[in-house]
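Across the two complexes that follow, chain A remains constant while its partner is chain B and subsequently chain C.
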Partner chain A sequence: MGADFDLLSGRLWSRRLGRALPIRSTYSVTPDPPETFGIAFIRVAGEERVQAVACGLIGTRPSVITIYNPLARGAHELAPFARTLDEYLTGYYSREQLPRIWLAHPAAVTVLDLLGYRYQSNRHASDELRMMGQQCRALCEEATFPGQQVLAVASTLLMEHIITGQSAVEDQHLGALLAWINPLKGCDPAIESQRRSLIPAAALLDQARDKQVERLRRLARKCTSSSELESTNSQIRALLEEGVAQEWSLLEEARAAFWQLGLAPAPLRYTSRLMEESRERLRYFVSVGTKPPSRPHSLALRLDTYEYMAALVEERDACCDALVRERMRKAGRVIAVRVESVEQPTPGRNPCRLILTTDQAVLRVRPGTWLKSVDGRIQGWIVALAEGAGGKRRIVFRLLKGVRKGRPRVGQQFDMIDTVTFDLRWRKRAVYKLMRQDEPSVVYHNRLPQSLPRHELPNGLLDLAEGKSWR
Partner chain B sequence: MSLSGARGLARISQNPRCDLQTAMVIGQVDEIEFYEALTKRQFEGEYGERISARRRGNKFEASLHQNNAAELRRILAPRFGYDPERMYVRNLADEIPDYMTEVHRNRYVRMMRVFADVAGGYEPPSVPHLLIEPQLRLPVSDSRFVYVAPDFAVFEPATKCYVVGEEKSMIVRAGSPDRVDLERTRRQAGAEALALRLLGDQLNLFERVRDRAIFVFSSPFDITPHQPVEEYLHAEVSEIRRALERYRAVSEELQVYGKEDGKKVVARAHQLGINFQNSCLSSCALFYNCKDRVSNTAVVLGDEAKDAFGGTTELEHLYALADGTVEAKSAEEGALAVRLRETAILLGVEDLCSGKG
Partner chain C sequence: MAMSSSTIVSTLPDAGAVSVRTVERVLREGCPLLNVESPPGAGKTALVEALLVSAVGVAGLRAAVIAPHAEQTYGLLRRVVSHYGPLPLALLQSAQRELPPDLLDDQRIPRPVSEPRRLPGVGPLALVATADKLLFESAVPELGKFDLLICDEAYQLTYSKLAPLLRLTKQTVLVGDPGQLPTLVTIPVHRFETAPHRVHWAAPRELKRCLPDLPTERLPVTRRLPQDTVAFIQQPFYPNLPFSSAVYGEDCRLQFAVRGNNSVIDRALDLIAAGCSIVCLLLPGENAPAGIVDYELSEVAAEVIARFLARQPIWQGRMPLDANHVGYADAHVASGEQTAQMLRSRGVPTDKTQVLTPEIWQGLERPFMAVKHPLSGLNRLSTFDLEPGRFCVMLTRHQLGCVIVGRESIGERLAQHQHTCGERPFGAENSEWAGWQAHYVLWERLREEARLIKLSNTYY
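Up next is the complex of A and B:
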């Protein structure tokens, strides 16, 4: 029974209580800037083409764009959306600030991504639309990085922060999720959630409206007079506007519910790096483009960045979120230790070893694991692990940071975490550059190099293989 | 949404322990009518494909098949080393139109003849390079069959046999379509690959038929096809085999053999066992009905809760364990009670436990 068990029993308690329960004590995103942008879409089911967009600053009346015939080749109807998005993003780049864009659910991210994909290098589209495509792709590419601070997807964020009394698959419907966060008085949230899940929350019109729009589009194709066509189109517009208004209000409701959870913001020292990385990446993607990495060196660099960002997020959560830390403790990744003795031949100088004990049942560490204290004052690695007296575990710890000032006293108790981040990307970049120049066949051409007979191997390599030399 | 053919078997394979769903597939009942007869309520949710999605699917298939399947030939030819202009195509849907059982049987006979030629050592152009809507079948009893129809089958020179193919209009992004849609398609293709294998077995083509399929999806631009993808379907074929066994067992048990027994299924629906699981939400119209049946057990919290607490464990029993008002019957239950209380404290809802434990 590990950390996941806590989340499952959280569902049990949430069901008994009749409302959602927070599973984090801090927000995973920084507070919204004063001007926050929102986008709500209505797409054509199956086609994934946009037929209505509502966009603008959250808290104001959004501009609504409707497209009578989304399957037509022209895309001039999207121009106002392109202008509004560009205005918002350009304003933030010029002020060197980080923009924030809210979407309701992952289905909206898919629509945004497809918009980008279809227009970013479409020679038949206007410059404005191509720029929109590039910006949409940049936002969606940025959304793939752990800890990114630009694109806020309401349902994903809510699921990260709360747990409900229904199953995780039911949580994926934003309306059903909100029924547990803001339960109506005297109404079982399970019943309300079921009622709300009948209305789609996936950038689609409800089925009745969808059928009407499809019927009207067929009618429009047969219209013989312009007045008849205008009347049919205005009916289509009204239906699409209703649908997109519903999506927009769902987005606003979800955003409000998120900020009303009342959690503490994560300290700036843990989030500033994430923000800076987000800003730099977004600037790069918008200016250079977002061609997905496909060559070994670029893929390796991308994976390194994902890994580093995930480590930063984990470090932030372990250090400043008490609920996440407790779950990590149950998984054996946060250890409550007591200092039994300090071995430091010269006071204030290296080497310094701490003998620590813990009575924690689950430990996911081994010799060589780097640990640091939650406040970051001490850091080092485990030299040895052994069974101690009274069922306790004894840890021999080599202290590398905090040898002088921060060195803990005997008897002191504190938490150690295994999320020690190292940003080695600049060094790896140099390695990948050399790799790119050499183009080793095993990496670039998917074939192994010719095997060499043993006697032809350089001597140094043979010695190394036989453990004779470390040259 | 049709419950017949490969789609029905794919549904059973997703949840083979659900007798209710298996009976629905065997009786080929209309899911909405079935829901309304069972619950005496009108079905309020959304069911079936949207008009636009169906239209797109039909358009996509039509664009691939028009002009003697020119587009399909164009994208498949390089993969198999053919000249698209010289490919011989037979469209069984054009040869014998309509969808009646008799039609299926006649198409199947023609398919058998093609396969007999293949078994006799003939190769294209003596046999078609490409078969559109070939007919295959899976035996569910000694005399009954489930007919399945892949969108196409293409002759592969390397194995000297056909490979089934599916055409789906879903959009490919980053090399793959949506995961949930892909899973359904793979299961459907699994049923077709198994049917092809059984046909091959009858004609001693054992080694030449493999558990795989060619998928043709749409690119994000209109209805132009993406590069075809070949996938191995060992897991899906094995799950479809299991689904067939379940089909036979439930059919024997209920004495329900086909569409003509649909009313029998409706009449006995209340007695049939269910297996409520996460995947039911996106696939079955009866999701909320079954959820009501298990609403006081741990399974209502999802598949993971079913594994952690036990599928039939009542929620009230778990609450009582945490409260200490019920004695733990085993050491595991005792440990469970402690963990539940710990979580309640962690989440700040310890007031919910009376703390007698």
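Up next is the complex of A and C:
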């Protein structure tokens, strides 16, 4: 059966049990550092302007900022948010550690990104706000890299780790999703989920509060006395504070639910590279900026980095996560093999070939595919693939790593995976640097170079070439 | 009914003239960048060979030929040494990679070198390498510069891999099939779709976008596909590349030694023998299983191949056909494996009758093919499903005939498909729409030509 069928049966099973089921055995993010930052927003519906922010260390009381007139040009109200964020990030940079920022859902990421775009190079904004803009953009840019370890988006992470008894579209609502993770006693999570989905979980006020705030804002514009204005504003503030407090508690609940899934952390040997890459990128984005790559060399390098990071993530999952590995096995990308014979003319030396067999039905490999064992002790590539007796497949495998100590014995059985990562970006960087220096006119200026005719060549070139033919 | 190809062949543009013009444009006129577009089975590699031999053997140039995969470079080497006299050949490849046994035993094939400093420094040279290998070594000064870079199967190579190589050479020739599968990129590419340079696109596609006046030659004929097939696939999959078949009708005749049993499957095979090179067998769409594995369809496909072989097919004037001459293409590995099991249970050896995905079928051909329609059994059609290159590869591997197996609901799904144009980034090309159009045009054509044959669930 295919992955779609597994997903469907998982949802049916979850519905029957009345709770969410894990679809991973390990966490895809590293454990939170001791100080974890959280941000919750309330935006104006349809305008994407921030009207309230709650931010601070998770587990403590957050700082709450409310903006009376979010459509106004001024943004001085955001200064406390800018300071808090900067303090948190600067602290982590100075300690050479990786920060962790939690957001509730992708809508919050969009708000953060827009804040970044609005203020990172806004000449009318203060230095503090420009820095905030740069930091917000850096965080959102980092969030685009597969396997990044800085920005944790609760609903996305939960959906990566669990399956519920509702549809994937319904899962997008964080409140509805949580109804399946922490089901209330005696209450059908499907009904509870439907009830919760009526309350916005997308950085928005609920309808009643939203209408009240709009009415009060209209009223504030007509206020004639300062005391009247102050009273109206305090009502707006109270409503916004209630709304953002609700978002904050949703964030805290989602984060707690995530860590309470009780999955194992991925071993450090598979995550340290991801963390290091995240830290270096974030430092670069904050210091240099996040101007999107636009020239051929920078775009090519960005593409290589995304592909490399995606490969690292896949390698981590295939090696550490038993459930992911089983899904990959069904897709033919993890193969259970048995060593039938070892061809090694000089013991402990290259060349070394293994003759492997597998009775696995689905194989997504071909001659030339690189494979490695799950423990990483042996690595090599497939030389030939043939059908053996009894429906088994016979794989001729050229062993390149593990020729001496790690060489498997005849009869040994183990899993092999097709995610073998090579970080060749340093070589690509050298290549792209030369391209940038030489600036081929075709690549950089969309212009063909001059033709270089060779009039001295004899006539009938193809005939002359044919004259060299054996045919 | 099948179209007469003899009249078409007589009015064909001269395919050889295009090859001559290509060689002249590159070598005599010194065209700095030439894109050669080719339909399937048009003799791309023969053109690459001829160009290489003319450049190195006649003009005395230093040329490099690259291909996306090592197997493609080996294929080129085999052809060059078997067709032409001695050339100053060199093979650049990783030290960890072994040559296939037949190349190892061939004295005419040079021993591969893994470092550019081991290459001959001066004089004419025909260097063969994968695009990746040449890219990684291109920062090594000892590699030097080339007079000519020929890129075979250029539509399988991303622009990010070709662009850095353009600094190494004065002239570049790209040879490829624009209708095949897009280049393999393992990440979501929406961020790159609107960038000023589409580095993830196939190199010729991006160069055509940047240089609308890119010098281009088009190979006008296919030497593999019958004209009947060309009439079906040219418009949907190659709207900008008109071509015809160079195969005479009498050269692609299929005959069966054993008469049919009047079953629907045998009638479909008889249609192929009558010259209808593409036939589609359809199971009812109702109650089709969800997911990519469809046991009933796998059974139909296996039965088609088993009946084809049981009826002792003969390629008229050439040879009797056996399991080696048949192939099966399925877009999904799991579904293909299901069919392979059913083939084995019918006594068809799957080490001979290969069951592969279109990605692996690229570049291969068989006299007879069975393929599973990539939209079979789907309730919603995604961009992946609608990718026209995948179906194009599946429908262009045969020399005599091809049977498509699918579900009747395909036409309905295509008609009902709601195109989500809002999902693509602003400014990006709408590949889903292009894919839908290709599928729709082909389906309608099959329907109009009465090539859609319905099967009941109890067809045999």
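Throughout what follows, the second predicted complex is superposed on the first by the 441 of 471 C-alpha atoms of A that agree within 3 Å, B and C clash if a C-alpha of one lies under 4 Å from a C-alpha of the other, contacts with A are read in each partner's own complex, and residues count from 1 in each chain.
The rule is short, and it goes like this: a contact is a pair of C-beta atoms (placed from the backbone, for glycine too) under 8 Å apart; a residue touches a chain by one contact, two chains touch by 3 or more.
What you are looking at is a predicted structure, and each value in this text was computed from that prediction instead of being measured.
Look at A:Glu170: by the touch rule set out above, it reaches chain B but stays clear of chain C. When the two complexes are overlaid on their common chain A, residue A:Leu400 makes contact with chain C while staying clear of chain B. In the superposed model, A:Phe5 makes contact with both chain B and chain C. Judged by the touch definition given at the top, the superposed model places A:Leu299 against chain C, while chain B stays out of reach.
Set against each other, chain B and chain C differ in how many residues of chain A they touch, and the higher count belongs to C. In the superposition on chain A, A:Gln207 contacts chain B only, with no contact to chain C. When the two complexes are overlaid on their common chain A, residue A:Glu326 makes contact with chain B while staying clear of chain C. Residue overlap on chain A between the chain B contacts of one complex and the chain C contacts of the other covers 1, 4-5, 8, 292.
If you check the complex, the residues on chain A that touch chain C are 1-2, 4-5, 8, 144, 146, 292-297, 299-300, 302-304, 306-307, 310-311, 330-332, 351, 361-364, 366-368, 381, 383, 386-387, 391, 398, 400, 424, 427-428, 430-435, 438, 440, 442-443, 446-455, 457-458, 461-462, 464-466, 468-471.
The part of chain B that touches chain A in the complex is made up of residues 44-46, 49-57, 169-171, 173-174, 220-221, 278, 281-282, 288, 295, 298, 300-305, 308-309, 315, 318-319, 335-336, 339-340, 343-344, 346-349, 352. By the touch criterion given at the top, residues 1, 4-6, 8-13, 15-17, 21-23, 44-48, 110, 113-114, 117-118, 165-170, 190, 194, 197-198, 200, 204, 206-207, 210-211, 214, 292, 323, 326 of chain A touch chain B in their complex.
The touching residues of chain C, when paired with chain A in their complex, are 19-20, 23-24, 27-33, 50, 53-54, 57-59, 69-71, 82-85, 87, 96-98, 135-136, 138-139, 158-160, 163-164, 166-167, 170-171, 185-187, 191-192, 195-197, 199-200, 207, 210-211, 213-215, 290-293, 332-334, 337, 341, 344, 349-351, 360.
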